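In what follows, structures are represented as structure tokens.
Two complexes follow with chain A in common, the first pairing it with chain B and the second with chain C.
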Partner chain A sequence: MEGTTQTDAKIRTEYGTDSSSRGPGCSLRHFACEQNLLSRPDGSASFLQGVAEKSRERLIRNTCEAVVLGALHPRTSITIVLQVISDAGSLLACCLNAACMALVDAGVPMQALFCGVTCALDTDGTLMLDPTAKQEKEARAVLTFALDSVEQKLLMSTTKGLFSDAELQQCLAAAQAASQHVFRFYRESLQRRYSKS
Partner chain B sequence: MAAGFKTVEPLEYYRRFLKENCRPDGRELGEFRATTVNVGSISTADGSALVKLGNTAVICGVKAEFATPPPDAPNKGYVVPNVDLPPLCSSRFRSGPPGEEAQVASQFVADVIENSQMIRKEDLCISPGKLAWVLYCDLICLDCDGNILDACTFALLAALRNVQLPEVTINEETALAEVNLKKKSHLNIRTHPVATSFAVFDDTLLLVDPTGEEERLAAGALTVVMDEAGRLCCLHKPGGGGLTGAKLQDCVSRAVTRHREVKKLMDEVFKSMKPK
Partner chain C sequence: MTEAAAVAAESLAGSKARAARTVLGQVVLPGEELLLPEQEDVVRRCGDRLLVTKCGRLRHKEPSGGSSGSGGGGVYWVDSQQKRYVPVKGDHVIGIVTAKSGDIFKVDVGGSEPASLSYLAFEGATKRNRPNVQVGDLIYGQFVVANKDMEPEMVCIDSCGRANGMGVIGQDGLLFKVTLGLIRKLLAPNCEILQELGKLYPLEIVFGMNGRIWVKAKTIQQTLILANVLEACEHMTADQRKQIFSRLAES
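Entry: the complex of A and B
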């Protein structure tokens, strides 16, 4: 089983190997993604980002259901198994990214790609994208959004804490800008994967 | 003929109405169903409320008991919500352990209580480190016709406002708690979160207060919980069709109006209860 999965290369971004550094031009942490690392499932991906359960499962499931073209696979069950290897904050967003990459790896037809972005608002109203676990705990509000790749529309949102209407719009705009980086990363990592094989 | 069309093509049937900006039950897209609330109906509970949103009915009973405070927060009490969706409310649910929808609703109510800070857990502490109140809030859906979350939050709010806790003193000699049932006081409810739910149709149309049928046909759902200061306690959108920022803004404005309506209704009910 070990031998057959090593046909793919490990894919890392150019932002450096320090897990706590943030890439230039955006305040998201360093990404890494590995695909097709398990032989048994049809598709698999591991998503490393930066260094509640039924509720979270339902959020991820509903987001996937909205984009996957289920009508092309009648009487089929698509099971997405997410195993948390380490949690350094922004867990739900990372799960969403991993789920999207795994669905792409499995070749499941989708209307659009989706990505998860987390925003944290601290007590004086400063916006932080992709917070660490410590920042999340100290923040006044933590908002997680799932955005689609076509028009950056809001597919899923879950929030914790109190925030105003204006802050919501601000976070949403920042998340939409950040999602562009994530989608660019998806494209680059897929390009690299398919250009090698 | 219309009934046949509705069975065969329910979504198209709905679209015909939505084109005329109304819904099969005669409501406009931004209109809520008739909301009624009845407070204090359960005499064995410390606080209770029954809320009806059209056909959807949810009853909330609050029981207060003693407990030792958690070791990491010795000056805090507990508020434990639980949403039960029994088979009697809808044929979708089976008897047995709580299904996914009930668990998600319970988690949602717990999040609203936590995020809105409607009750300060410190207020529930009687003696730090030794004794605190725990409020068990049981929400039971009697009839599920869509929009459970709105009904649950409203019922919870009304029930908590109805709760009267007796005065408790700790006797220094015996170190036992003495409850004075004659002296009761209301809880200090700091904020009044009100939930407004929407069903998303075809990525553009937003229907307020969806019925069970509309929920099943809709592509997605959105719930906004606001308090009276215009702050959002929760923006719950569990997947479904995409929404632009402008549409989200419309939802938030509708939530503001709804908050005013609900607050007015609740104040009227509580005012009418005062002379006792």
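Entry: the complex of A and C
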């Protein structure tokens, strides 16, 4: 896919100093590893493979920074740790939803809630919301949006593949409608939590 | 069809600002805007709208002192369940001394920064007569300075210079952590849990608004039982709690 290789190359040059360039004969992506991250367990490690993970981290961080009221906590760092238990497609959207719920649970002041929605366009131009891993692989284009809860404004978008301008608007409208369902689910689950107390 | 329309109407209504009065006692989410009533003279109003920044139940306290016609100002707040403590001026907290540097003790209160405690801020302390505080001691004190821009400062005397229960917490006993919501429930006036605990065993107990409780009973076993009961109180209903207390009283 023309679009995909160009984006990948761009990411590679952006992190050029850190990543080792793929020499001939070496087909593995850039590695990074950190050990003993968590103080409670006896051992812990994080393993990053490929620059896709760094890009996903940056997207989630930018979304959170747009919504969290950082001015109320100066000189403080807020760390969000996301562990992927299973990946069945729409991973970035799922990470965004988990991050939002974690921030609410921690009591971090926010100006709105946010959610992630993934759209996939297949070769006929059919729109699929929340695609599975198989649908994502076979799709012509995959678009992920992060929307806020107040007016369904767009906080973050990341796209991969070929699509027209009209298709982009169509996907965005579908994602905005779908985000209402996600926010209703947030409200119900939070109400259930507070009704127990 | 009608169900879908009702749901759509509900979600649209959620995005518009609602009057604060109508939402009292319900769960509110970050991003919601609430309108304050015109007639009420509420202190610290920014414009006429409130933006909710945390998830929780909306509560309201009427202004006290009905005789003064203009009213002192009611208070709206959101009751949220949180584990992380943010220092607030006037709060009584339990801290752990982590360092002694010159004239100041550094005390860990569970916030993002350690609080500073001067050695003169104890009852009867003078430059010659220093208090006996070691690293690792537990301190019960209150904040005199606590805002987001400065390092929090705490003292172990009140405004008249008396200790009033504050200072170094004695030997033995057990310190454990609970959520902030449980502490507020336990410190509310006429709390049933405390009265039942008192009837069970003789005990000494200190509550810190930062989610820490120190408890001491005659034996280690009794102390552990009390600690477990308090930690479990969060998730139990009143009936389950009464069952457990009666079972413990029998044994």
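Operating definition for what follows: the second predicted complex is superposed on the first by the 146 of 197 C-alpha atoms of A that agree within 3 Å, B and C clash if a C-alpha of one lies under 4 Å from a C-alpha of the other, contacts with A are read in each partner's own complex, and residues count from 1 in each chain.
Basically, a residue touches a chain if its C-beta (ideal position, glycine included) is under 8 Å from a C-beta of that chain, and two chains touch if they have at least 3 such contacts.
Being a predicted model, the structure only gives us computed values, none of them experimental.
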item	value
Side-by-side fit of chain B and chain C on chain A, or clash	fit
First (chain B), second (chain C), both or neither touched by A:L162	first
First, second, both or neither for A:L190, with chain B first and chain C second	second
Chain B versus chain C as contact partner of A:V104, first or second or both or neither	second
Which of chain B and chain C A:P74 touches, first, second, both or neither	second
Which of chain B and chain C A:L154 touches, first, second, both or neither	first
Partner chain in contact with A:I85 - chain B first, chain C second, else both or neither	neither
Minimal inter-chain CA distance - chain C and chain B, angstrom	14
Touching both chain C and chain B, counted on chain A across the two superposed complexes	148, 150-151
Interfacial residue positions of chain B with respect to chain A in the complex	100, 103-104, 107-108, 111, 114-117, 203, 219-220, 227, 230-245, 248-249, 252
Residue ranges of chain A touching chain B (in the complex, touch as defined)	52, 54-55, 58-59, 61-66, 143, 146, 148, 150-151, 153-165, 168-169, 172-173, 176
Residues on chain A engaged by chain C in the complex (per definition of touch)	69, 72-76, 104, 106-107, 109-113, 148-151, 180, 183-184, 186-187, 190-191, 193-194, 196-197
Complex contacts: residues of chain C adjacent to chain A	7, 11, 14-15, 27, 29-31, 51, 53-57, 80-84, 112-113, 148-149, 181, 235
